Structures are given as structure tokens and as C-alpha cells.
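We call the chains A, B, C and D, going by the order they appear; numbering starts again at 1 in every chain.
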């Protein structure tokens, strides 16, 4: 009789149902991110490497339309065929694209219409997931799209930060989430030895992972130790005050050229006083205990040399991180700046700041990109970039894992990139 | 009895009253121009030479605040002191400026606030004009500001045209005002001799003129003749089809370099078919009888050489134009493209298209820039630019006169610039 | 009877004989100029605007071969047909050219072979002149070639000066000819009024003149006065010490941009002390009484503004110069730097330093370039350049006349360019 | 009695004696290389990445003077102290340097004086080696200098090749040494598996090795196979003819940008016909069986992708090469172009062409640069470059070993760089 009811609790969602829930969660988070922004804010592009928020909103939508709905959902009709050209990022296989440095000139379609475009595609996805069970390969592309949108959510925030930083009014994106909370006793740092000898790294399970994380394979690690936390602002300020930006011997040759050409003399958003920095909450006092952020690979490498240390390789980092829980500050916490991590042991591997490794971004042995246009997702960027690990306070925690490989050019500074030191033993 | 009434009609407005009326007319026209635009449209900057519509709205307002209200209106309070830096265009004497190529990144203040800023300054001007009679020098600056705003109204339209032209959707600014009206019988062109010997040119009266139009002075003119109308699209198309853009012998050396570097092969907004062009009304068929537009000085000069003619000097142009009424198509007509002029004699000297002259933009003998920061208005640009005369269909007729000297670099194409031929006799 | 003998003295050289003598004189002077140089010195190119000395030697030779010998001398055979491409400077009508910025990479042919090429063409010219009387038009081209080589002789020296200035060893071209001779009492400067009203300028006689000097025509001159001598080093140093290079209000807008981009803070070859300069004789003390040299148009214009004066127009300059003898320091004197001119009245109009005028380089009314490829000699450069007058201490006096129009871009500094002030009256 | 004589044969050279012999051999080889060149050839610089031959001669000499003689040879006097600035390549610790892109402007000192400078330093080295036994550390620096000069000998040849290639006359450096010898039967290629699992790589013995080859350490290798010979010209031509340079999907993203910006459509020195190439012997027919040469990393990577293969990692390459003798074509053979290798098994690992690996140039675990200025020799370049292995036909065999790591930017094409394919198994 009524005892049958508990059965109703035992409904186990199938993959399509699970993805429907996650789709709604991911898609609505993007809308949440633009709440504090005007249509004008969403349309501007501050540099060729950055994109307008509106473009991020539209491009992630285009991704679902192009790779999921149009090939796999019978009856779905493209919202506007011209958008294929406007919102393709870099997929050469998909034809002509709007030039990247001109994304800020696309005042039409306006933000209003882009939101209608999003709603149109959202409905398309929901209808499709509610219909006959989609093929696994199609669901894989949907899942890829969700992770793709997570990536663009972080980029949307770092790009808006860069845009607002160039405005002499120094406006805040959102006032909360950046106030420093200096926690006494967290500055202690030691080194902790990691696994050595033959170690396996890379993504190998059934869970989602990008193609560039696979295949799982062996590396041979010489003895080494990792710092128990990222370098903090007080430490990096000491480097600056010790003439770090004017001593050629501390720098890679290309880094030194960059320092001189760009007239770098401190991290990206610090002001001249070395006491305040631009944040998503506007100008703020620098928290000395928080991880230093917005440094390039060149600066990370120079800092490490100045410290008598080096950066970890990505295999060292992953061998250590694999044994730790996914704890740290992530975007869903509302925090907009990294913050010192409590405790004494190995900490803050995840969240807070992306950690530059000393590894070039190259294919793992046996790497094979996916078939079709999505094969361009990762593989073609495997030159001239360096690997970062661990996510940042602007990453969503459902998007980060120990095997995740982020990558940027060694002179990039507008990402939430920081430093963890390593040493041979 | 009622005979007294006519007196009430005899109130003759004093200068302040007259300027009040003109101020309202000029200021409201700027608002009318942005009616068809979204906030996003108004915020974008398509190239360093262009400015966002919002910036034009704010900069013209800043001009009145800076040069009229703050120094001359007791009790006026600046709307926001930070705007001085944001909306100063090029006045070195007034301190630091926001870099010109980054005007499109000023998403704050938003359009809404810029309109409030305009209203604040408009009220300030009205209060001031309604108060104790201002000094003549202060009213002169107000009048300068009105002409300044007329200049920016034309730039606002040419800048928006450039912006929209780069959008693959080819959106229209306003649908009306560009439809070609091919009028049979208007293609006839002859040459008509102009005054020779000692001729006086330049602005000399009590009416308004920019400092660069003065002083009035004598030139000696050899015999010459001017074409009775501007070169039209059909004629320029013949130049293109005759290989005009690939024959080095037709070009100035710097022009030929520009043709090759920029890969020019037709006027700025023509498409490959040579039959359609981008206009403020979107893509339109090219009217063969309308004056060719959006050609640079280099193209005008090459076309003239191909025709066995040359461009007029500015003194020749003015000597001829001084005898003609201010007839032509102007922006207040609602027309957005130049149109063929009816009739047979000398025509279309004013409005329709700015006419490149063969004269470099240099000071007249005895030229003296105004004192103070407004002295930077014109004089400091007297190098590397060429003079254009006559106004265009995007100029307001109350802003154009025979002595008016417009000037642009010889490679500029985004203005409404066309060609009138001349010949020695 | 013997009275007939005097007849033999009365042999009046015909034009071919006269040109033969002048050809030998001009051609051998080029060889004399490279005497102090090694083959390496003659091969290097210090910047795109400059050319290697070897290239000057070869290009001037190519000019005679291409325009005189090949079309007009039956039986003359080209030395090497490939040289047509290597040594054509800018004649589009004559086909492909070696790119200008790569002239310094032409290590083959070596200097030895270029000298053989010169001898081959010299013999060709002599044989031709000794043969049947050439047509007048052909002799005109020969004469053009001689003036062309005079131009390149001056460029050879200014280009070598630039090259050697970049060598940290600061080597001298030739030790003599640059020692300053400070002559007391020559610093006096006044202004002297020039002809006004209708004045004729331009070249009109039967003597040689470049096409750009013609036709002779009338101008109307308002009252003005010219400084009686060029600005000297002591005066220009006062401008520098008065902050001349850091006061925006003194500069044209394009000039101010150039000052900032190029970090100009003194004339081209002055050192930091403002007391010494690089010369063709190596580093030398600056002669305070000598005309300042190696300033751009922008600097000349800024200096004039700082002085409360202006630059003369080319018609003012010529109207004054037409009445003065061709007196001054020229290259045949062996002097390598300008020197103060003795006397009190109008002086040093010729030689010493080219004087920037405030006139853009544009065609005179009725200007027609020569037919054929030599029509590219002057006309196609009539945009974006300013006129200089009077020749320099590196010009040969047989090449200078009052109507001569030299022209350079307003930012050019490596020529022997100086300043004479003017004022309205 | 005379039986004692055999003893005199038993004199075993000590290290100083051995180095004296090697010094003479290496130093005289540099002179031999410039025999076919004029002083002009030796002075020119064809691009910023290349240096004049004269500069190579002087810089290698400066290295001995600066690091060996001045600090270690009592009584040695510098030839000319100014040379320290002129001929320092990139050692920041040693003060100001002449800017690299201006090396071609150093016409003084001339080649003659540079040869005298060489003789002065050669005598200094010989005197020093003949004197009291130098310290081992000083001899180490001498040995480093010899290997340094070997590197510059190869660069001298590749730089001269580049310079001559830009001359429209296409002059030969030396006529012999480049004639193709098509040997039938050498085009066979297979794949051969290499060692797997834990493998040691890097330099570990007492013999000379650069600091970047150490320390010897373990890597874990997954199963793989290497092609038995480099890709040849016929194979690469098939890639070109298959549209290799116009198919984006074959290229890394940065490579594709480079292809478009540089308009690459074939290897560096091939002509349009794909049948002839510029060599040190002038234009020559392309030998279809010879290894393809002068391809960038991007081209090597794209070719491998087109082939369904990949490039080897540097550890794979070294694990295989360690088991093979140092056989191949080297510069001492007089050959100037790579040539097909006879035989069937793994061949041509050494000499002929440098082989691009898929490994970024990064420090080995435990890498420590040498103390002092020579510490800048290798370490500071460990960013943005890729490793090449094996030497080329322009390397001297006494300079090449299996552990040798050469490195260039991925777009470099003027080196003797080719391709060996690899595959996972």
C-alpha cells in the first residue's frame, strides 16, 4: 500500500536527466555573471586576447547550437544562420569567422537579442533532452559544451576585470567578494616531498576530461618537493623591492625582453605604491597573506630563481595533487580575489590562483584529438604555451580536477595566475 | 488703441537671446541623431580615427563646460571633475587625457549618465544666458562651441557609418534618406572659368568664422576653370574599370604605397560588384548620377590625373564659390547620401560631398591662433593634411560658408569626401 | 695672315663639348668622395631612407645608361642587364626593383665591379659625345643625369654620416673640414623686408632647371621680413635649455607625436652635453656661431614659434634670394660642416644649411612632368613633404640656384637642414 | 744506446698540449670558411636573427679574450677595450652591447682589422698554453670556447646562405659541394622500435658537454618507433602538392598564423617550380632523395600530421641515437647540402640535417647553469624554443654527440633543419 511510496524516491536520474539539470545550472550561472553589467559593459573588448561578455554569452550558445542541436536534434532550426560566422571562435573547419580583434565592434546583435538567442538554444536543448534518448556521443558533446561554458565564465570575469581596469574611474564589477581578510598565522611555508620514480598521470577514468588530459601514462620523477602554499603578496613585494624587475640575471631572455618592451615593474593590477590593486571590487588594499595573482610565467620563473627555487613540472604537481581533496576558494563562493588558506600542510592546490608549471603545453604520449571540428578544441594550441594547474577563485569547482591542464602564453598576465615553488631534493 | 500692439513684435533679440535659441537647436539635434542607436552602438569605436557616438555627445558637452561655464558662469559646478580627463580630445594645455584609441573602452559613464551630463550643462548654459549679460568674449566661446558641436554631429554620423559597415550583418542606421533617385539629364559636365589675377580670400567679416579662415588676404590666380559639378559614381566606376587602382603612373608615390598596403581597389564602401555600396541605410544600389563619395585625396588626385585634369586649389575654389548661393543637400534634409544636382551651370558647390582641393592645410599669411587652450583648435594641425571645401550632405547648412576650411590626412576615406575637377586654361 | 690665328682661340665649345667637360668633372667628383671609405663602408645601409655609397655610385651610372646611352647611343651595350633591377631607385615604369630597405644586402656586385661599371658607362658617354651630334633632347637627359648625380653626391655624404654616427667607435669620414672657427662678431641678426605685391617666382630661362621649378608664375606677397642669417647653434641650444622639447604648445600636433615616439630632445647628432656633435670629422665641439643643422621641419617650426617668428614661405624666400649672389660654403670648398657667415646684411642664403620653408611641396600652376619614365623624377613626390631652399655645405655650387626646390618629409633629420626665421610686417 | 729513442714516441700530450692542437685546428677552420668571401660579404647582416661573418669571427675571438685570457693569462693585454661592447652577443652581466639588429652597420673595424684581432688573441692563447700549466677551470673555458666557435662556424654558413639568397643575382658561396648525387635505392623507409620503459638520457661523463645536456637522468618511455631516415625532398614535395600549405587542419594554430603572415608555401629556399633550390653553390636542382632541409618546426609538425605520424621527443631520439656510431655527412667533408644515406637500417641520425623534436627546450631535472657570465650561455633561452638533435652537414663532427641539444624558435627556417618521423606503437 502506501509503502510503495519510497520507490518514488528511488528514481535514479539517467544521463540525459542529469545533464538537463547541469545544463540549467551552468547556463543560468552565465546570466548571473552579467547581472552587475550594462549592455555597454558587455559589448566592449579591451584587447585582442579578451572578448566582450556578450560574445562569451553568444559563443557558448553557438557551441551548443553548432555541435549538439544542428547535427543531433531533428527539427531544431538555427536561430540566425549569420551567427555562425559572428560567434565561431577559432574553428577553421567551420568556415569564415569574424576577426577576433573586432569582436568589440559587434554592437548588433545587441545584448537583448543575444539573450533571446540563448533562450532559443536553451529551449532547444531542453526539448531535445526531453525527447527520445540521445546517442551517447551527442551527450558527450553536450557535456563538452558545459565545460566549455565554464571556461568562458572564467574568461568573462577576467576579461571584464581587464576592461574595467583601463577605465580611469576604476569602477567595480561587484563590490563584495574582494575585501581582504588578513588571517594571522597563515604565512608559514615549508616544502613537502612528492611521489618519485614511476608515476602515472593524466586522465583515465570514465568521468569527463578534455582530450588533452589523456591518455593516462607513466612518467619517471626524480626526487623533489613542493611548497606547501602559493607565494603570497608580501613575498612577491619583497622581490619587487629587491629590484626584481631590473636584474637581468633573474630572467629568461624572452622574459627580460618583455619586461623592457612592456615596462613591467610589478604585477598586472598593482598600483605604484605596491599597496593597492585593482580588483573586481575596484581598487583595494593588497592583502599581504593572499596568493600573488596576475603574474606571467616570466615573472613566476624570475621569482622562483630569485628565491633559489624553481617552478614544479606538471607531472610533479599532478602527482602531489592527486592525493588531495578539491578544497579551495572557487567562484561559487562569491569571492573575487584569492585568499590565504588556513592550516599548515600542503594547501590551496585547488582554487585561488592558477599555478604556473615549468612544463610546456605539449601532447601526452598517444594523444589523439577528437574527430571533426571539436578536434580543434585543444590540440592545435600545443606550441609556445605553458601549463597551469589547479583552477582559481574564478573557476567553478565542478570544472576542476587534478588532471586539468590549463595553458597560456608565457607573457599572459590577465588571468588569475600565481606561483607555487618547487625544489629538487 | 490697438495700434500699440505692433511694438510687441518689434522686440529684437539681443545676442544672448539669439544664442539661446541656437543653443537649443544645435544641442537637441545631437540627441535626434542618436535616436536610431542603442547604447551599445553609441559606445563602440571602430578605429583610432573615429570616436564613439557617446564620446561625441560628452566631448561637445565638456567643451561648453570647460570653456564657457566654468570660467564665465559664477556658481556653476562641474558635473564630475573626472570627466575633464575622459572627454578632453586633444587640448594639451588642459592636462592628461584618456588615450584616443581607447575611447571605446569607456563603458562607464554609460549613455544614460552622459545624457544626464548633457542636461546638466544645458541647464547651466540656459541659466547663464538668462542672467546678467555675459561678456562678448564669453559669448564668442559659446558660439564657437555651437560650431564645434556641428562638426561633431557630422563626425558622429561618419563614425557610426564606419562602425556599422564593419558588422557582417550590414545593419542600417536609418532606413530612409539613402534611396537613390536617378534623375535623367543631370550627367552633363563642362568647365567654367573662374576669377583670375589678384583675388581676396579668407574670412573677414563680423560673422562667425574659425581662426584658420582668417585673415582675409590676396592671392594671385592664373587662369583656370572648374568643373560644373562633382565627379559622379558612373565616371569613377569607369576609372576603376580602366585599371585605375593598378596603374602606378596615375598615383602620387605615397598614394601608390597606400593602395598597395591597404589593398585599395575601389571607394571605401563599394562592394566587389561595383554596383552596391554600404550607406547609413544599409547596402544600396549605387546611384550612377550621384557624386562619388568616400574617396581619399590620393584617389581624388589619381582620378584627376587619369582624366587629364587636376584638383582645384583652395583659392580657386573659394574665388568661384564666393559668388554662389549656399544651395545643396544638407543634413537637415534627412538625406544621408549625396545626390545629383539638377541644372546645367556651376552647381553642388555646397553640401553633398566635401571637395578635396590640391592645397595643403597651412596657415594664411598673418594667421594667429586664439589665446589660451582654444588656440589648439585648428592651428596645431597645419601639417600633412589637405584642405576640403563646401560641406557635405551630413553637414548642417548653418555651419557651412565659402571660406570654411575642412582638412584631413590624404589617406582618409571615411568622410563624405568627393572630387571636383579643375584645369588650367 | 697671322691675324687669322686669334680665330683659333675663338673656338666656342658646342653643347656636346661643354657637357663632356662637365660630365668628367661631375663623375670624377663621385670617385673623390669615396676615397676615404672602405668597400665595407660603401656597402652598408643604415636605415631605409639612406642608401649605401656603392648604391649611389651604381644608381647614378644606371641613370645615364638607361636614359641616355641605351635609347640614344647606337651600338652601346648594357654592362649587365641584371643591374637594371638592382639599381633602379623608384621608376615604376621601368619594371621590378630591388626593395629599397635591402640595398645594404647587395654585397655582389662588389665595389670593385661597380667601379668597372662606372668606367664602362663613362667610356660609353665619351664615345657618344665624340660621335655625330646628339639630339638636343638626348643632351637634355645627359644634363639631367649630371644634376641627378650632384643630388646623389650630397646624399652619399649625409648617408655615410648617418652610418658612421651609429658606430660606437664614432669614426671620422675625413678628419679635415669640420673644425669650428668661431668668428667673433657674427652673431648679429636682424630682419630685412622682402619684395611684396605681385612677384614672379619659378624657373623660366633657358638654363637648366628641374621640371618642378617651372613654370615661372606670379604670386601675391603680403608684407614680410626675413632674418638676415640662419639660426645658430647657440640660439638653438637656448631653445633646448628652455624646455623646448617638452612643451607641447610649441609644436605642431604631428611634430609633438614624433618628439614623443622618437624621444627627441636635441638635434640629430648632438650629444647629451649639448656641447659636442657628431660630424663627418668625428665628434667635435659645437660651434655656437655656426648655423644649427640636422633639425626636422617640426623642430624648425617649433623653434620659430618659440621665437615669436615663423618660417618663410618658399615664394618669400625666392623673392628675396633672387637678388643675391650665389655666395656661401659649398662642398667643393672641402668644408663638411656649416660655418657662420661674415658680414651684417642678408647672408648665407646659399650653401651651409638647407632652409626649411613653411611651404608644402606642391606643383606650381601649370606644372607638367616630363614625358616618359623621367616624368617620375619629381612630380609623384608632391604630397606630405615640405620645401627646403638654398643648398648646403654638402651641395656643389654648380647645382644650386634661387629657384631650386628641395623637399623632405617633415620628420627628416639626417639632411643638412637648418632654419631661417621670417615675420609678417 | 739508440734503443732509448722509442721513448720519445711515448710522449703523451697533456691537456694543454691537446687543447693547443685543437685550438689551432678550430681557429684556422674559421678562416678557411671566409676564403670565398669579400670584405663586403663578411660585413652584411641579412636579418636580425643572422649576423655578419665578420661579427662571427670577432665575437668568437672576444669570447676567448673575455673568458680565458683576460681573467687567466697574466700579462695579456686586451687588443681594444671598445671591442668588448661591439662583440658581446648577449651577456647581460658584461655590460652594454651593440644592438643585435645593427651588427651589419659596423663597417669599422674592417675585416682586415678583425683578422689582426684574431691573430692577436691566437698568439695570446698559444703563449698562455705554452706557459705554466693553467688551472683546469681555465682550460674548461678554453674548451667551451672551441665548441662555441664550432657553433658559430655553422651559423656563419647558414647566415651567409641567407644573405646570398636575397641577392637577385643568386651568387654561389662556393661552387662545389652541393651537386646532387641521386643514388637509386635509397628512398626506402620503415619504422624501427626504440628502447622503452625507464631510460637514462643526458650527458654524464667526463668528456665535454654543454651545461644544458646535464644532468643525466631517467625518463619513462612508452613504446614508439622512429623512421629509419629523414623525410626526403620528394616526400615533402608531395605534401606541398597535396595542398599542405593551405589546409588549416594540418597546422598548429601558431603555425597557421605564421603560414599566412609570411605567405609560406614551400621550404625556405625552394623556388616556385618546386624543382630547384638556392644552395651555397647557387641555384641547384632539388635532389629528390636528399633529406628535406630549411623547414621550420611548424612545417615539420604539419608534415608529420599529414603523414599520420608525429615528431619524436628528444628522449626517444636520444635513446635510439645512443646506440649508433657518429656516421653522416659533416662540414669537414666539403659537402654543403644534405645527401641521401646509403643502407637500409636506422641511418643519418647524425649530420645532414638537424632533426626537429616535439620537445620544448627546457631544463633537465637538476639543471644548474655555470657560475658567472657563462651561465648565460644556455639557460636563459629555455622558453619558447624547440629542441633539434643530431647535427647537420654544416656541423663539424667533433662537435656533435647523441646528447647534444640544439634549439631554435618554431618559426626558424634558415638553419639546416629537417624532419624524422616517429610513431607510437
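As a working rule, a contact is a pair of C-beta atoms (placed from the backbone, for glycine too) under 8 Å apart; a residue touches a chain by one contact, two chains touch by 3 or more.
Bear in mind the structure is a predicted one, so any value in this text is a computation, not a measurement.
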Intersection of contact partners for chain A and chain B: none
Chain at maximum distance from chain A, centres defined as averaged CA atoms: C
Centre-to-centre distance between chain C and chain A (centres being mean Cα positions), rounded to whole Å: 61
Rounded Å distance, chain A centre to chain D centre (Cα mean): 40
Centroid spacing, where centroids are CA-atom means, of chain C and chain D in whole angstrom: 48
Interfacial residue positions of chain C with respect to chain D in the complex: 38-44, 46, 82, 85-86, 98, 102, 104-111, 163-164, 166-169, 171
Residues of chain B defined as touching chain C within the complex: 90, 92-93, 198, 217-220, 222, 224, 248-249, 251-256, 297-298, 301, 310, 313, 358-360, 362-363, 365-366, 376, 380-384, 410, 424
